[in-house]
Every structure is written in C-alpha cells, then in structure tokens.
C-alpha cells in the first residue's frame, strides 16, 4: 500500500529536521533571554536573588531533561494549563538551556579581573554602569565560544522531545523505521543529519576559542 | 582644613587587624610618600581612602565630607579622589582615548565632544596625544600607566592616590611614568603615593610616611626620614633598600 | 676507553645549528663542568647525551655502546646515564620515597621491598632520610632537588648529567645541593654539569668546558680555564660573572 | 486547581521504583568505569599515541559529541542487529553510555594531559621509562587530578542522560515512572517522585565523586 | 468536573482527537508523513457528523490517557481497550472497532498457550491492554519487555531483540503485509477487546452524542466501509 524509497525516507527526515531547527532556535534564544535575566540576579547584590538562581541551576542541572519534559507536558495540564507538545517542549528546553547558560556566563563574568571592578569603581561608576560599560563587554568576548559550544547540547537536547510526542527528527526516525523496517539506514541517516547540524557549531566554537584566546594574549 | 583627614582608622580582615589606628592629614597640594615593608598595610590604607575597602573604626574626611558607605557618598568621594593602580587596569576593550572618555560620559554625563576634548588634553599632558586610538595591548607598560593617569585626571579629582604605580614596569619604563607624576606634583596636585622608589620620594615629596605593622611608625620631611631615621625599624627598612 | 665519548656531534633546530661539531671525552670518575653564555648550547649537549634530543650528525658513545635512536637502545643508555634538571621535575603525586622507588620498580622490575630499601638509602645519602613520606609540595626547593638526585642515583647510573641544578633555588638553598654533589664527586661518580657556580666549578671539577656558539671553545683544568683564559670570549664571559 | 495528589500507589509499586533505582545506579557505575577508561585510551591516543590511530579516534569523538544520545542508543539497539550484533537492552544501554562518556571524557582528559609540564615527560624518559610507562605512572594521575571537577560534571550529565534508556525497555528509574504511570494513570505524581530521586542521585553522585577525588588525589593539585 | 465538553467543542469549532501513528492499520503514516488508518477515518467521521474540524494529535499507547486527563485532547480514538482500571479514570463510548489481542512469534517458536511462554522474552507496548492482560496470565519466568510505544515494540521484534510479541491481530497482519524479515504468526489469542472511544469522565452530553453518531454509522454502513477499507472484513454483528 505504501512504499518508501530512500529518497522518501530522507525527505521525511529532512522535513522533520526543520522542527529540530526551529525548536533549537526557540530554546536557544528563549534560554538565552531567560539566562540573561537569571544572570542579572545571580551576579546582582541581592542575596535572595543569588540563592534563587543557585537553587534553579541545581534543580535543572540535577534532573534529567527528559523528566523536565514529562513534567512540563503532563504536569502543567493538571493545573488547568493546556500545553501542546511544542509548548511543553519549548518551555522545558528553555528552562533547561537557561540553567546551563547562566552558569557558563557567570564563569565568564567572574573571569574578568578584579582590577577592572576596582578601576571602574575608583572612577565613580555605580554597579550598573560598571557592568554595562566595563565588565560585560569583556565577559561577552570570553563567553562566545562556550556559548556556541553549548548550542550543540541544545540541538541534541531537542531529540528528547520526541518522547513526549513532538514530531521532530528523532520521532520521525522512529516512525519511519516502523513504516520501512530499515532501522540501520534510518537511524544512520538521522545521526548524519544531527551531525550536519551540530558539527559546524562545535567546530566554530573551537575556532572562535582559538581566535579569541590569541587575541587575548596581547592584553 | 586638611584635604584628607584620616583619624584613628582601623581595618581588619577576618581576625587580622591590618590597620591599627592610623592618623594622617594631607594638605591641599601636598605630596605624601608612603613607604614600608610588604604587608604593612600601605595598599589597604589607600584603598580605604578611596572607599574600595570599608573601615571598621575611625573616620576619613575628604574635603570636609565624611566617607560614608553608600552609593551616593561613595560616588561623591570618588569624584574628589582618583586612584591609580600597580596593574594599570585599563579597560582592554576600549582604545586609550575611550578609556579616558568613558567615565566622564558615564559618571558625569559629559557630552561626547567635550569628553573627547578633555581626553585629548589629558593624553597630551602625559605625553601620549598621538596614542588616542591605540588599544591597551598595543601600548607598553609605561604608556599604559600614563593612560591610566590621564584617565584619573580627566575626572578632575582634588587628589590622586597612587599604589606602587611603577612596580609592574620594566626598569627602563619607570622614569617616563615618574616624570609625569613629578610634573603633576609641580602643578600643585595633591598626591598620596605608595612607592619603593626612595630616590623619587626624597626628591619630590613634601612628607614621607613610614608604615610598620599597621601603624604610622614615623613621619616627616624626606630629609629627616631618610637622613635621620629615629626608629630601628625604619633604619632596618632603609638598610634593606639598595638605592637610597 | 672514555666513559662518554662525544665525537663531531651536530644538532640543529630548524634552520639554526645549535651544536656545530662537539668533541668531548669524559673519563670514568671525572667531573666536568660546562660553562658558557645563555644559548651557547650547553643544555642541548646534555640533552643529546641523555637521548632527549636526537643528534643530526656525529656520534655519542656511552660505556662503549653507540647511542642509537630506538626504544631499546635509549632505555639501555638511560640506565647508564641519569639526568637532573633545573626544575627538579619531581612527580607531584608521589611522596619523596615513591618518587625514588617508582622507576626502579617500573623499569628494572625491582620488588617493592628492595626498591624501598634502596630509596631509603639514597634519601639518607642526600640527607633526607626523614622525608621519605613527604610530598614534593611539602619540601623546599633545595630538598626537592636533593630528592631528584636520590631518584637518579637509585637507578645506579654510571654517570650523572646535571643541568643548572641550582639555578632555580633561593641563594640560601644552593649550598645544601652543591654539598651533595661534592660528595658524589668525592665518591667517584662521573659528572657532567652545566653550572653558573664558578666557585664550585673551580673547587670540585677536574675539567672545565667553555662552550661558545655551539662549539667547545676552550677546555682544560679549572686553574687554567679560570686563571689563564686564552680566548677573548672566555675572558669576557668570566668578566661578566660576579664571583669567580 | 482541581487536581488532588494521590500517592497511595507507592505501597504497591515501590519495588518497581527500587529496581529502577538499582538499574540506574548500576548503569552509571559500569558506564562511568568503562567510559572513563575508554576516555583515557582516547586521550592517550590523541596526545601521545601512534599517529595513524588519531584520525579514527577524532572521528569517533566528533561523531559522538555531535549526535544525540537517544539516536546512539537506537542505533545500537535497533540498528546493529541488522549487522548481526545482538545484545540485551541493559548491555545496549551500558554500551551507549560507555561510548558516549568515552568521547566526552576523552576530550576532557586530553586537556589535562596537554597541560602537563614537559619536564615531567623528560624526567620519566631520563629515568629510562618508556613513553607509555611515563604516561601511566607519571602523567596520568596528575592529569586526572587537574580535570577532575570537569570530569565529575560530565559523569553526572551522563547519569542524568541515562533517563532515555527506558526507550529500549531498560528498566531504569524513568521506566519505573512510565510503568507506574501506565498502570495508575498518576502521571504527575510518578514523574514528580522520580525527578526528586534523580535530583538526590545527582547530589549523591557528586559527593561520591568528590570523595573518590580525595582518595585518588591526596595531594592538592600541583602546577 | 469540567464544564460541558460538548459545548466547548462546538464553541471552538475543532475536535481534538488523540490518534496513533505507530499502530497499523489503526494509525500509521504514509510516505508524506500524514496520519492514516482506521482510527483516523473514525475521527474524521465523527468530526463530520458533529460539524467541526478535526485536529489529529499523534499519541502513543503509554501517553494517550494522560493526554485526555490533562485535557490536551477531547477524545481518544486510539484503539483503546476497556478495562476496570481505565474505567476508573475515563469514560468509554460504545465499541467502534473489533480487536483481538494475541501472542505472535515466527514459525519456529512454540507458544500455543500462556504456560509455554516460560523462559521466553516477550515484547509489549507499555500500558496497552495486552500489557495489562499478559502480565496477569504469563508464567513467572517469562520475561516481559515493555516498550514506550508500538514503534519500539515492533522494532524490537523485527530486530530480534524479543522473540515473541503480544499485540493486536490486525497489527500483526499489517506487519506481515510489509513482508518483514521476521514473520509474526498467531500463537494464541489473549483477549477479545474491541476498541472504544475514550473521553473525560462525567460528560453525559458528549457521551450521548458520540454513541448516537456511532449507532448511526453502524446502521448506515459507513463504519462498515471503514472496516472493509482497513481490515478487509465486515464488522462483527455483536459489536
């Protein structure tokens, strides 16, 4: 009744990979924005804010992303909130991404030499001004390579959304496997597509790191 | 009235009392050198005057205003007193010119045009007018330190605090920085400087403060302090210095 | 027959010829000091003798065996010739005792008990019998260097190569290391040592080699080399040294 | 909120959870042990080993680091049988974890090896140790010590990542959660409980690794 | 209880239905990845009769009931069997499709009754009726592997990870139709467990409406047409 050519398989996987890309972008951008907000609390002066972010990070880095997805998907529904798979997937991934990004970025902010804080303080700048004009511009430079590197984890993390029924690349892989009975080929192709998405990111992270490090040595 | 009046200042880090009751008045236009062994509390004293460390006891008055630990008072204080560090601490992501312009624009809201004019003037004053667009990593240590001085001057402070500003420099670069400081002194700037350059202290300073174990151990005009040290600690300290 | 026979040895790094044809024979029991300016190739020579660098031309024979670059020959060579470095290079994760035991057990398959006995003996010999269980980071520089010597000795080499083994030490620690070396020399150990301690070289060595631009420029007994330098290069070099 | 929490099922299903917990712990232990061993082998090959072996190791590391664990797992469990390689879901899960951790820890350990001062290699060589003996006895332990915190984090990440092995019917904690959910329809409660278990497990694992670190490296890290 | 679900659906204009996509011939995908199958056609039929658009939500056996519980869908038309546990949490309409659970294995395997499953590894889909039933009747030393969804179960059987599967007769037939490397043959039937539409509890209006549609569809032969199309057989008289 229905026959899949290799092209059909590839085409369907590629179509599904669009969702992987969209989901990755949403998670990364959303996670980035949330991460910035959390970073603001984490490196701010309020003790409560710092503790909150620490707890947040502990929670989201200390539990499997898969469980976070399950809870977002089935859990929120119980509170009367209607969460479609894409929303639950996006939400869980954003929360998860933010937890990692905020830690990466905190490390970058802390890597800025203490002298920079003191010099800017002695020029009369307030905390916000120090951050805005002196610390963050330097931290951003340090932050670019690990952030790009982490985007690979986000792309791979989207694979787990298949388990709550979101039809992205991995889910398409299992569905197509069942329609074709060719697991070796299908999962091989799926792996290749992920590789094609992730490898340029990893590579550019490495290159950026080398470039920025070399530039840094001149300081 | 003194420009900087330090009265019975105490400062502890954890269990260790680093400043054990410092009294020191600095007059307007005076140049004071602070000398002493490593760990005697020289940096800590300067940092307290600039509000980078909070004092535990005593008081510090600058131009008649008490140093109080809140953002508003600290900002006011730092507009009166600039500080220059051993490690230069230039902002590596900004050119020399922007280093000098930044705080004027951010803190004093000076318009860019004026800030730039001021920056050019100050860089000129430290002999680096031609380095406006150079980035810190393109400058030698001595040049970086001079930019740091220009940066502090651009805020038009009443006094400058200098913490071993030549210690991180190669010997051949020390003089270019000291020459700038000498000129500042000649122009009437109030200076408090921690230094190991005894010859310079002797030549340029009005008074020398010898700190020992968190106290002002001896104080006086350079001829007296160097020529006729009264305490054995100071004698020993001066003896260990190669060039006096 | 000489214990170490170096014949027409050449070594280049990229385009630069660092050793330009070295000839040097070291007899059994002889103590040879190698002196010369920085960059003259002293370290490179020692490293070639130990097989840490491969020579490009010429030959090095140790106890009659030719130095050939394969694992088996290198191992045989290094069992005959120990080396001690400026930076000590102790293994930080092992106690002093284990530092000395490790290579015996790994290379010679000595049983632990015997290796330990040997380690204790050797540490005793360098005056550190009581530091068997101390870790490198608990030892002073001088003590670390003495452990390194004990470690090399525990392999019972025929000769020791020492590359500026006191240069990384604080002045007050130099003597404790040199005293150990002096004793080794007195016990008949063959030594080739690069050193800047001219007084020590004069006192302890049988011959002094002055290297200059990759060649053995002058060679002779210390009285001659130090007392009556024949070339202007050596005279200039000795003149620049503070203590002769 | 109209939902009422109901945990009455725990009385009946706690053995399932316990079994899942044991499986997850077993998977993590075996996966970590062999994964780190594989990582050491990879790190050795890439920084000190024979040149011809390096490209395949680089390919392996890049492939694993740039594809999702879930797909690696499916490939091993569902894909490999068509090549005649058959294994139980537990074996497949362990293998996937070992391969995954091997690639990541290999990169981390390599950084540790490459930060080793040259003098350490030379000291080993001058004591007549071979390159491998020097690596094994001199370089490895301090290198591991240098990167232990990073390695520990990666191990925790792999433990948490193991949640997906329930997809191939390996009966870990997540499987227990799903199983209970399919019998009691108490999705939220069972996921909530098991998420808490994972959190505890992660905290415990981190503590344990800190302890292992103290045991392996009694000395503070040397430069 | 929630407000009246039927009103919600009519007001919204769409009917959200949980359907399988890993369970041929009830639900699977075509080369264009669109869902198709018996359940999908029933969903469309009901949508048409209610005069609303149908939104198909792909689900797995394991999560179809949570989907309904958390109000992500209005109906589960996902070859759902009825049993006492499920009746505690959701309501069922009348049956809409015949379904027999069986144990299947390649020709060489002997397993003509539950006792003969001893020592064998059986794959089932977690939470499906056959999982629940098989768990009750299988001997203690039979190993039951429970997969997340039918994709997993079928993959495990075809890749030889399990030698026996418990699943629907029609599912086995659909696998056979694709001429796989391993051919599942019926060993014995576990249960006659026709499929029902699942809906939230205490929605009498919706339940009545659905039963009405089903009765009409049975009467006018439109349901039989679906059965002919996907199962190549008439509906049993007693459904």
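In order of appearance the chains are A, B, C, D and E, and numbering begins at 1 in each one.
By our rule, a residue touches a chain if its C-beta (ideal position, glycine included) is under 8 Å from a C-beta of that chain, and two chains touch if they have at least 3 such contacts.
Per UniProt, the chains are A, D = Amino acid ABC transporter permease; B, C = Amino acid ABC transporter ATP-binding protein.
Worth saying up front: this structure is predicted, and the values here are computed from it rather than measured.
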Number of hops, chain C to chain E, where each hop joins two touching chains: 2
Partner chains that chain D and chain E have in common: A
Farthest chain (mean CA position) relative to chain A: C
Distance-maximising chain from chain D - centres being C-alpha averages: B
Fitted rotation between chain B and its twin chain C in degrees, CA, nearest 5: 175
Chain centre separation (chain B, chain E; CA means) in Å: 82
Centre-to-centre distance between chain C and chain B (centres being mean Cα positions), rounded to whole Å: 49
Centroid spacing, where centroids are CA-atom means, of chain A and chain D in whole angstrom: 21
Interchain centroid distance [CA atoms averaged], chain B/chain D, Å: 54
For chain E, residues contacting two or more additional chains: 63, 66, 69-70, 148, 152, 155, 159
Overlap residues in chain C, where contacts from two or more other chains coincide: none
Contacts with 2+ other chains: residues of chain D: 78-79, 81-82, 167, 187
Chains grouped in pairs wherever the two touch, ordered by label: A-B, A-D, A-E, C-D, D-E
List of chain C residues in touch with chain D within their complex: 50-52, 71, 74-75, 78-79, 82-83, 85, 87, 89-93, 102-103, 106-107, 135-137, 148, 151-152, 155
Residue ranges of chain D touching chain A (in the complex, touch as defined): 1-3, 62-63, 65-72, 74-75, 78-83, 156, 160-164, 167, 174, 177, 187-188, 191-192, 194-195, 198-199, 202-203
Interface residues, chain A side, partner chain B - complex: 113, 115-116, 118-127, 129, 133-134, 137-138, 141, 218-219
Complex contact set, residues of chain D against chain C: 117, 119-120, 122-130, 133, 137-138, 141-142, 145, 217, 219-220, 222
Complex interface listing, chain D residues touching chain E: 77-79, 81-82, 86, 89, 166-169, 175, 178-179, 181-183, 185, 187
